[in-house]
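Two complexes come next, and they have one chain in common, chain A, joined by chain B in the first and chain C in the second.
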Partner chain A sequence: MYASESRKASETKSDRPNFKTAIAIAMFAIIAAGLPRVSAAQGPQPLHAGEEVLVTSGEPGRFGGKLVASLRSEPKTLNPITATDISSLQVIGLMAADLIHINRYTQRTEPALAKSWKVSRDGKIYTLQLRRGLRFSDGSPFNADDVLFSFQVFLDPKVHSAQLDLLTVGGKPITVRKIDDYQVRFDLAEADAAAERLFDSVAVVPRHLLQGSYQNGKIAETWGLATSPQQIAGLGPFRIQEYVPGQRITLERNPYYWKADRQYRRLPYFDEITFLFVPSEDAEVIRFQAGDVDVISRLSAENFSALNNYQRARGYNLFDLGPGLQYEFLFFNLNDIPSKQTEEMAHKQEWFRQVNFRQAISAAIDREGIVRLVYQGRAAPLWDQVTPGNKLWFNSAVPRPPRSLEKARELLRRAGFSWKSDGALADSRGHTVEFTIVAGAGNAQRAKIATIIQDDLSQLGMRVQIVPLEFGALMNRAFETYDYEACVLGLLGSDADPNPERNVWLLDGGMHLWKLHRTTPPTPWEAEIDLLMRQQLTTLNYEARKRLYDRVQQLVAENLPLICLVSPHVLVGAKTSLGNFRPAKLNDYTLWNAEELFFRQEESAKTR
Partner chain B sequence: MRYFFRRLIHTMFLLLGVSVLSFLFVALAPGDYFEEMRLNPQISQATVAAMRSKYGLDQPLPKRYFRWMQSVLRGELGFSFSYDTPVRPLLVARAKNTLLLTATAALLSWLVAIPLGVWSSSRKAKWLDRVLTLGTTTLLAIPDLMLALVLLLIALRTGWFPTGGLHDIRFSRLNAWGKVEDTVAHIFLPVMCLVLGSLPILFRHIRSALVEVLDSPFIRSARGHGIPEGRVLFLYALPAAANPLISLFGFSVGTLLSASLLVEVLMSWPGIGPLLVEAILARDIYLVIGAVMFSTLFLVGGNLLADLLLYLADPRIRME
Partner chain C sequence: MIRDHKLWLILAVLASAHLIVLWAHFFAPYDFASQERAIPFAPPSRLHFVDPEGHFHMRPFVYLWEPRPGTETLGAYVEDHSQAFPLRFFVRGARYKIAGIFDSSWHLFGVEEPARIYLAGSDDYGRDQFSRLLYGGQISLFSGLMAAGVSLALGLVLGALAGFYGGLVDDVVMRCAELFLALPWLYLLFAVRAFLPLHIPPTQAFLMLVLVIGMVGWARPARLIRGVLLSAKERNYVLAARGFGASDFYLLRRHVLPEAYGLLLTQAALLAPQYILAEVTLSFLGLGVGEPVPSWGNMLASLQKYYVLTSYWWMFVPGLALVSVFLLYYQLCKVLQEQVKLVRF
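Moving on, here comes the complex of A and B:
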């Protein structure tokens, strides 16, 4: 479309050679070149011979239109190398592409900028074949030099990219070599079972735009929100058009995007995607209901119910995708903290360290009650860290006993606890069992979970107090001062694979929450989890690896370093007319296939 | 002039004190910006420690204060961790929107409150005065949060007003009149919310100030001379009752940057509110301190303005 329009313009010019017109056009061109790209989006470039595009399988859609989504906080940067917050990553996810991609819907890897790859027998060498004829969103060609440059930057310790740890395998950073313009070789110090998935987090950046700032040591500061759109390019389906502080960020079609639909038309279908900044979930819900926003994700169960009543009338559909990857849990402070240890904390930790005690707590907690009361039924009860939403790694053999106060009492008796005449539980030395649970004050669900646990445990004669803490203060206690007794927290895995979770389960992991500080040797089950996690990291066969991780889940469910409670459902919504909408359980839930989305009919909403 | 300079020096000291205190309080709060990063299992502790040292968070407090002071003198007001940029441009871009909202609301509140207050006081204890007093008391009792939610609900149900934001997404493509219309439509609800929130206070102050003056002998004498009531009220009584109102005016100028935080968050108004809330939750400390300093500047500026106006309006103060 764009090509034919420009041809027409040149024909008109040659038909009537007019000096004034020529000057006017030249002046317009000069002025236009200096303006930011706020005009209507450029149409997709026609596919050209030799361009190895990826053909998608979705329903062929209708070109044009604008999608409006919302973000609860503003993106902080457009730099894929330094971004760590959800909003920035979500926007960058639409502007950048990776070599091998995790399909958010199937949760499996699939070819992206690399059309194919070979793995050496020992799993240490990956040779990737890149697609030919691709262009960045500014029209400049893409080849192996861009891949090399991207990995060089991500792996540079001076740059402090968040991906550096992920790209360090077996204690050594991955090395990257160019074989030719379209072949790249990656060498790992040891086999990594999830190596293919590592590529998903590394966005390929254009060397021609960023090399200068990298050499000047300024790469972390480049591509901020104030950067002119002309200075930013990527391989994603969209490119930046306009950022209005505090209000919105608009992306426009990347006319050179490397995916096409079944009819060999270059994607994406939408001309533009606008993200409005809406600072709270409630405000977001109101704007979705009013029709200002076309898709919404991360809905709470309350808001889902509130929106449910108006689905037909307001022209949107809501989707309950079932449990996602997030798991909520209770854990006790098992850190070795002799220097700060008061006598009171010492005997409390004696209880917490007993497996029977933790098992009794787990048996007494009414997980179904939490699901019903906190999530209005939109969550799944959980007995280990892998949720039923994780298609590839869920272990159905983990025992899921229903709530049983009798069993809990039996376990406590076995551990030497007894009940005083007033019903209060006491340990063998006569200390009444009482402790506090800290929970994030800003998270209504966790505060409610803590209250339900308090009530459940009171039926065992335990006295539990709840201390709501501001999130930063809570993190400080959990990670720095270890000044807490028990805590309710949740973790959201970024990927279905167990690999990113290794920091939680390895003995020296930075997220080994319940015991970050250790002076005593690990218990046998802790040592076994550590060993299994290390083994699964280097086991290449999926079935063998699954057996190892199944055992980890079993050990967690038995020994309960984290007493897993529930996994909330992923709740999203979208306009009825949105075509190819296939929400996923992995982040980005709704826009992971933004290039395939389209509106079935002309939108008549007031905003368009 | 000497009075002005003396006040200016006081103001400087006040700002310095506020900066030290806010720096101290923010630094004393447990946790920092990089703490939350630790919940990302993919980032190691070493990386978090490296980032912390990159931004100087591992330095002792006085050194951090000194570095922050240097950046204030450079006009940057510190450095935001999350946005990776100096604080000033972040605040300035949003302060404009906040001021647009609050200045409109303040202007409107005063324009409505003065005639209402004057009118009500001149009919003291009559039915109109009672209705107005009852109405404003009711408004005073309704929390801002509820007011905002009710207004949003009305907008949602009727579709008459946008439910949030400052502009429509097609704003840049509208003509000049369309832009004005769009802005008015968007600003209406948040302004209504702020006006309904501040009107009762202004109204009651104006009313009580005037009621006192209207009882005084010089007003009775003016009325006795047959001077028209409107003239008595606005030209004689109002200036005599002006002193507490000028102080109140200074206060409303002072709170221009901070009065609308809640409304901004609820109605997704792109002002300082959402930025500040996010910064506080994320422990983006220099952004928080920058916003506090900005608000303090307005507060002391407003008070200074009020004092100067009082100085000009009241000869007794000049004599002192």
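Moving on, here comes the complex of A and C:
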């Protein structure tokens, strides 16, 4: 989970990297000969003896050509262990692979570097069979020692990897043991309903290249952008070729990649993928429209409509994938902040803490209006944190009342509020209800949502001011100083599973936004959400888990710690000639199956 | 005295622009914050004289906008010809307060609900651009004028001190002025704005903008006034008056400062548009008055978005208003300069 400043380059944290995958899987061992060390220019290596490649089911494509994509900020590192920003993760996602992968399209787990796995009856022991005969992109062989080394690094608290939290189950880190060169056993302290999905975030790194720097304690600094491409290797479909600061980063084919198409030809099809650094969404749109860039993701609804008019003429297709996993919401500052509490903030928090007050605000907000004005209809209204895009976990029983100012007034009256002669709302002690909403200044959508809410609440007699804040400053106020009254923010679920959501809903979660600092005991519903989230974590049966999580959604919709508003659609575009293009609702939306992508016609292969 | 018709004409146009903006409550058909969420980015209302049957009407009328069937793009509307809504003058509409005391709801013109008359189209919330333009002018035009006033007052006092007394005062004031001139003003405004609290009500934000812009720009007028005073105070009649025992204050008031009046006037005409632009720039960058209060700067800010820039031409209207006001001010400046020369010599 992370707070998303979507459609903006300053995204700093992200969900799991997009390791490569295929749609349907079959296993094959092909007999061939020889393994000379090759450059990518010579094309893919033929499949060789004893190599257990994964055969994908996509349409067989045409080799060669280069794909141009864009990034809104430069990657900060090529190190899969320490990378947290979205650009780094997107690039690394093409250069690294994991043991078990979440298929971005089906949202289910599938074999990757592990060809199969067994789970013990109690759900605590996972035994993974690794593929044999695989090679890193520098040609050196892959085996269980690399897996052991990778997990050693990821689990080392001194390294501060972003995945450490996820790999800590039941308060203890996962332990890893080597059974033989191609079998690895993972022991969990307690059963974890989503254990298979944990492996998705962990890239297997080459021991022979990184062991030295790990022993020197310098692993965090290795594989920066200045590192020579020869010293970086991974198991992803591409490897680094060139980085030009301020302009682009170019990846070339990994000639040893471990997936093949239906005709047993080694993937990927593209010789190269280039990411241009384009500073803003508008600049990205213009370059896409001009044909400089082949794929575009994270489009805003307005730009989607603007591009829509020229779809046919310019040779690209746009895709509206429906609501994704992102949810936008309004929340109030419920933190316990007695030390620096001003009297003003104290009585404001008295309002915010009343469920009736929050319910009144939720009832007064015109969600349909937000959908229409901010997203041009390309969003879904929301009443809890699970979006309609999340088919497995969506709870249709949560009440979704339409906007009603009468109901809002009734709720406020019940909470002891009344209206002055000039129409202003006042609490039982006569304080006028005024507060500010902070919203990210760089995020046009959220600023607009705030303006609509301001107008909606003014009809209840509330005086609301909007304070646009730079994203870093906003995060600082929300997470460090607690110096805000209300805030519009969005969260992007990294996975359809409720598990990554736990840091939002557990009482001690790092994203427990509305109340990060607590000195008073939790309210009954907060305690119940916490308990339910802990229970679902160790419940292995889907139906039982769904019941628990449904109840969480119910509690969120009733008590509104986050007043969920809308879930924007995932909007992407690509050249018409791009084959096997299957955009997904999970990040990375467009290039998650980069190894299978290809250009259909000869003329579309560009010579730039 | 000045008798040029051109000058009076320009002054009259400028003054009426300011008056209309000041009485925006009356001239604007709608409140600046009132949202009509069904019609975001509606094009300017068309005033019809001829109905679909071909009959001519003396009183112009408008139709309702409804979304063009089959399009998803915002701003694609067609007129619903089933019902006409004639334009009416002196109608009752949104309530407002005159000078903060008297309640009123009279507006110069309007149409019957549910139709809306949007002379300059609507913005992304379906708010009337024309009404917002008038209300926005209150902020933009008057912050320019008032900031120019602040700057000139400061410049006059400091410049007069420096020019008249000279010596250490002159040194200190002029070095400060050079410092202010050397600072890039836009960044200075950013810095000053960053020091101030974020959430402030619109009226405070407005006054703060005026103060910030005005205080930053005192150096130029101060230097010019100092120059004029330096030469003026050495004139023989000033020396003579001093010889007769005139006090400093008397000398300044009677003999020295009048020399600077022409300069003050031209500076005012020059600084006002500059400061209007400063306010527009700050608001454009989100540092001026906040939503939903309009200023020409934050109205233009929506043009930062590519799709607005390319799709909805009526969003440029505040820019047009800005250009016309600038041209008027610069004409005024030119005429003033000529006239002042004529008067003096």
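By our rule, the second predicted complex is superposed on the first by the 562 of 608 C-alpha atoms of A that agree within 3 Å, B and C clash if a C-alpha of one lies under 4 Å from a C-alpha of the other, contacts with A are read in each partner's own complex, and residues count from 1 in each chain.
The definition used in the following text is that contacts are C-beta pairs under 8 Å (C-beta built on N, C-alpha and C of every residue); 3 or more make two chains touch, one makes a residue touch a chain.
These numbers come from a predicted model, not from an experiment.
S.K.: Using the overlay on chain A, decide if chain B and chain C clash or can fit next to each other.
M.R.: fit
S.K.: After superposition on the shared chain, which partner residues are touched by A:S228: those of chain B (first), chain C (second), both, or neither?
M.R.: Neither chain B nor chain C is touched by A:S228.
S.K.: Once the structures are superposed on A, label A:T250 by its partner contacts, choosing first (chain B), second (chain C), both or neither.
M.R.: A:T250 sits against chain B, while chain C stays out of touch.
S.K.: I'd like to know which partner A:T82 touches here: chain B for first, chain C for second, both or neither.
M.R.: Only chain B is touched by A:T82; chain C is not.
S.K.: With both structures fitted on chain A, tell me whether chain B or chain C touches more of chain A's residues.
M.R.: Between chain B and chain C, the winner on chain A residue contacts is B.
S.K.: Considering only the touch criterion stated at the top, classify A:I286 as touching first (chain B), second (chain C), both, or neither.
M.R.: both
S.K.: Touch check for A:I466: first (chain B), second (chain C), both, or neither?
M.R.: A:I466 sits against chain C, while chain B stays out of touch.
S.K.: Per the contact definition in the header, classify A:Q376: touching chain B only (first), chain C only (second), both, or neither.
M.R.: second
S.K.: In the overlay, answer first, second, both or neither for which of chain B and chain C A:A162 touches.
M.R.: Touch partner of A:A162: chain B, not chain C.
S.K.: Report for A:I452: first if it touches chain B alone, second if chain C alone, otherwise both or neither.
M.R.: second
S.K.: Quick check: superposed on A, how many Å separate the nearest Cα atoms of chain B and chain C?
M.R.: 8
S.K.: Which chain A residues come up in both lists, the one for chain B and the one for chain C?
M.R.: On chain A, the residues that contact chain B in one structure and chain C in the other are 282, 286.
S.K.: Mind listing the chain C positions that touch chain A in their complex?
M.R.: Those residues of chain C that touch chain A are 33, 35, 37, 40, 72-74, 124-126, 198-199, 201, 286, 290-292, 305-308, 310-311.
S.K.: Going by the contact rule set out above, which residues of chain A touch chain C in the complex?
M.R.: Against chain C, chain A makes touches at 282, 285-286, 302-303, 305-306, 308-309, 366, 369, 372-373, 376-377, 436, 441, 444, 447-448, 450-452, 454-455, 458, 465-469.
S.K.: What residues of chain B sit close enough to touch chain A in their complex?
M.R.: Touching chain A from chain B are residues 29-32, 35-48, 50-51, 54, 82-85, 89-90, 93-94, 97, 152, 155-156, 159, 162-170, 172, 264-268, 270-271, 273-275, 277-278, 281, 283.
S.K.: Quick one: in the complex, what on chain A touches chain B?
M.R.: Result: residues 38, 66, 68, 73-74, 76-77, 82, 84-85, 157, 160, 162-166, 201, 220-221, 224-226, 242, 244-248, 250, 274, 276-280, 282-283, 286-287, 289-290, 292, 442, 471-477, 479-481, 491, 493-494, 500-504, 509-511, 607-608 of chain A touch chain B.
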